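Heads up, the next two complexes both have chain A, just with different partners, chain B and then chain C.
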Partner chain A sequence: MNISELIHDFVLALVELGILLGSLGAVLLVNTVNSAFSLGLVFTCISLLYFVLNADFVAAAQLLVYVGAINVLTVFAVMITDEPAGSETTARGIGYIITAGTCTILFSILSFVIHNTKWSDLSLIPQSGISTSGTLGSNVQQLGYKLLGEFVIPFELLSILLLAALVGAINLARNEDAFIVNKKSAASAPYKNSTFF
Partner chain B sequence: MNDINLFLAKLTYTSAKLTILPEIILILGLVAVVVIDLLSKGKNTFLLYKISMVTLLASAVILLWQWGFFTAYERSHARDFGNIFRFFLLICSLLSISSSVDYILCSKMSLAEFLLFKLAAGLGGMVLSCANDLVTIYVSLEFLALSSCFLSGYTKRDMRSNEATMKFLLMSGASSSLLLYGFSLLYGLSGGQLQLDKIVDGIIFNRYGSIIYLSAAFTTAGTAFKLSLFPFHQWTPDVYEGSPTPVVAFFSVTSKVAALALFTRLFGLIFPYFSNEWHVAVGLLATFSMILGNLIAVTQRSVKRMLAFSSISQIGYIMIGVLSADSGNGYASMITYTFIYILMNLGTFACITLFGLRTGTDNIRDYAGLYMKDPVLTFSLVLCLLSLGGMPPLSGFFGKLYLFWHGWKAGLYSLVLVALVTSVISIYYYLKIIKLMFTGKSGRSDTPLNSRQNSLVSLSISISKNSLEIAMIICALASTLSGIFIDPIIEITRNTFF
Partner chain C sequence: MFEQGLILSAYLLCVGFFGLITSRNMVRALMSLELIFNAITLNFITLSNLFDNRETGEIFTLFVIAVAAAEAATGLAIALSIHRNRRSTRIDQSNLLKW
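Showing the complex of A and B:
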């Protein structure tokens, strides 16, 4: 084993340790602000993992979108909301034991199966295809070609999905009373609060 | 003149070739709803309703036309399967939109967003039922789940509705993560293929047996959440109880039908190599769904909760059809029963919506003596409920008969026996409501009926409340009579084996 491989392994182990500790912190920490910050640690480490795996564009996107946008939003949301009352009373009933048992069994099955599979035997078909037609240039360009060529339907669907999500968010945040008053003046219907909701 | 003819011929050919044209029309309609609502500042509700109905109808017509165009040249069974399910989803959206407009207007919520979410959910389901690669499957599944989630929280002031949204969001997130894990294993094992048929070619089944089992288990769990099969059903009754009634009607059929299409395609295409183990596992899930769904439904007091458990058990029956597929008949029994199930369930929910609009309650107890007040509503509800239970002259009976006969021929004896016994239990709790409607003393629900009716008359300005009743009567008639026309339906659905 030469020195570069050793360094690679060391960095990989460090990054994975960060992911593990960060996700444990996000779940287990009592103060929600702390767990939001440890979620940020997890996202950063995942982006570093992409760097280690030689996918620099995905890593940058992960860093920008998840750490820069989503995690900041999460931290803001956590800081705005009130302190939850009575969060110390964590009753550990029978459900807790069942869940813990299921998770342990699932984890052991997963690690057993993954350990016993010979991953190096897999034949990566598209990988060879890319390396032969490597005239397309950098990683990002290939990604763009793929997105607007092979994956154009899911790509365009995602834009409609974002539209629907936007409308949904506005619908949730809108002041319903203002809407009803508007409606009343428009249709001259008698204002009456609907009682069956 | 010649040029025009040539142009028309070219246009016809192009639009027939463009298999996603129905979806494109839906997207255009969806954008049109948003833009027109923006321009008219939320006043012109009737136009929005008309636009969405016309869009869905046009989409259905084009789908049928393309289908006919293609079957004239070549016949591909996978395409038939997808087309049937896309058509079912369009029917679901049409009927459920026409049965929910009154409810939305009477409860003074904005219609435009509601129509947008319904169209979006229908679109997601349609893409899902003909998607062929893992990315499209995941995106359309999220489409469906997100729109359904917004729909279930549409009545913001209701605490139960908010709770339902929260539960639905968390559950759909969890199930998507399970599904994605299974997909990622498939992607890795096939050497980086995303198309379903190429994945089958890429996987070496002998060498990676155990990890393919794992992937199949995760995929099954993820889709079973969407289908609400037995161990993954806990979200269903709460979400059904909290959401507004027409929305429940919508996702008791739409998301189920779309998830069913996904389930059948995934397992028919990718995992046929270990069909024995898979049959045992899905058979167990179906058995437990039938038994527990029907047994718990007996004890429910709210109609919506009861129908939630009944829908869990109906999915169990449909699973018999999935398991008993053979190369001769394909998924004919499953598709036929799904069609009848859509009509029966939408009819039942339309009746409940009408009742809920008039009285503001959905307790079973309050249905007492309904026959005296509204015979039409009572008869439609009786027809739909009896059809759901599988009483002989109605179409539910023929659907179940065909399903069970098919299952018996395929050798699923224990499953069919369980289904027969649980059908009898289901008839018991459906008959309980019917008995209450005819014989019960109408006591305390008199006063709210009058007051609600007054407010209803004053509120339904632009759209007559007929559309709900029309949808209800169509569903009731169809769920009664389609048993007579079951032969052509079976004939169409017969050639659907991959």
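Showing the complex of A and C:
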């Protein structure tokens, strides 16, 4: 029992250390590709933290959407819009210091408030029900029932939003000149570059 | 565990704000924005773990993840388009929409 708790604490500390250092690296690293990969580390560690917090479905969704989609998209965008080396100036001006101080003060205030709040008094429903209904199947089933029962209209609106956003993104990112040139060259010599003919 | 999660999400929020304000690259600003979204979802999951009806917080987290995916796709497409037109993704150099 003691050993398992020790392992649990060790893994938790490792995950939190990954989040702490990875987020700092995502912000502070000079090379943007390195910070994109560091962001992937942060997303993976947050997904593992969701597993610890008994939110299995959200952890899987986080791993799929963030690490699998958004991070890959970010890495591609970084690679396409690569800055020439040296244009990212590392000069730390007065604004940098002011922002760092402001964020440190904000974090201090937030952690002070978190420490000084009696969270056990706040819980409206008694805290005993945390781990009683925590099995995987029932949790995911209840999530599905609520998502398609009580929250069905926001769910469908969300699908419309995703469709509109993706169509808009493709329309924005499409290079129209290259598209026209490609169509002309394809119309003039359709089989010229094909390896099948 | 509970306060630990909340402090972790506060830390992520502060680091995200710091990166969002100080970054000059547009893609890096979007990455910091993703950090802020992750702080918010971590807060939701931690607080929903405290209460009994925990599905509501998880559903809201799923909504936030989906909106963040849409935001990332659109924002990166805008960054790509600006890079194609201006040969730069620096935020302080993109003054197309300024009077």
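Here is the rule we go by: the second predicted complex is superposed on the first by the 137 of 197 C-alpha atoms of A that agree within 3 Å, B and C clash if a C-alpha of one lies under 4 Å from a C-alpha of the other, contacts with A are read in each partner's own complex, and residues count from 1 in each chain.
By definition in this document, a residue touches a chain if its C-beta (ideal position, glycine included) is under 8 Å from a C-beta of that chain, and two chains touch if they have at least 3 such contacts.
In this text, all values refer to a predicted model and were calculated from it rather than measured experimentally.
> One more residue to check, A:I153. First (chain B), second (chain C), both or neither?
A:I153 sits against chain B, while chain C stays out of touch.
> Looking at the overlay, does A:V167 come into contact with chain B only (first), chain C only (second), both, or neither?
Only chain B; A:V167 stays clear of chain C.
> Which partner does A:F43 contact after superposing on A: first (chain B), second (chain C), both, neither?
Touch partner of A:F43: chain C, not chain B.
> Between chain B and chain C, point out the one touching more chain A residues.
After superposing on chain A, more of chain A is contacted by C.
> Regarding the shared-chain residue A:L14, is it in contact with chain B (first), chain C (second), both, or neither?
Once the two structures are laid over each other on A, A:L14 reaches no partner at all.
> Going by the contact rule set out at the top, does A:N116 touch chain B (first), chain C (second), both, or neither?
Touch status of A:N116: first partner only.
> Which of the two partners, first being chain B and second being chain C, lies in contact with A:A69: first, second, both, or neither?
second
> Do chain B and chain C land on any of the same chain A residues, and which?
110, 114, 119, 123-127, 151, 154, 158, 161, 165, 168, 172
> So in the complex, which bits of chain B are touching chain A?
Its residues touching chain A are 20, 27, 30-31, 34, 41-43, 106-110, 113, 116-117, 120, 123, 127, 135-136, 138-140, 142-143, 146-147, 149-150, 153-158, 161, 188-189, 191-193, 202, 207-208, 210-211, 214, 356, 360-361, 452, 455, 458-459, 461-462.
> Where on chain C does chain A make contact in their complex?
1-8, 10-19, 21-28, 30-32, 34-35, 38, 41-42, 45-46, 48-56, 58-59, 61-63, 65-74, 76-81, 83-84, 88-90
> Touching chain B in the complex: which residues of chain A?
Going through chain A, the ones touching chain B are 109-110, 113-114, 116-119, 121-127, 151, 153-154, 157-158, 160-161, 163-165, 167-168, 171-172, 176, 179-180, 182-183, 186-187, 189-190, 192, 194-197.
> Using the touch definition from the top, list the residues of chain A that touch chain C in their complex.
Against chain C, chain A makes touches at 12, 16, 19-20, 23-24, 26-27, 32, 35-36, 39, 42-43, 46, 49-50, 52-55, 57-58, 61-62, 65-66, 69-70, 73-74, 77-78, 80-81, 83, 87-89, 95-96, 99-100, 103-104, 106-107, 110-111, 114-115, 119, 123-127, 129-130, 139, 142-143, 146-147, 151, 154, 158, 161-162, 165-166, 168-170, 172-173, 175.
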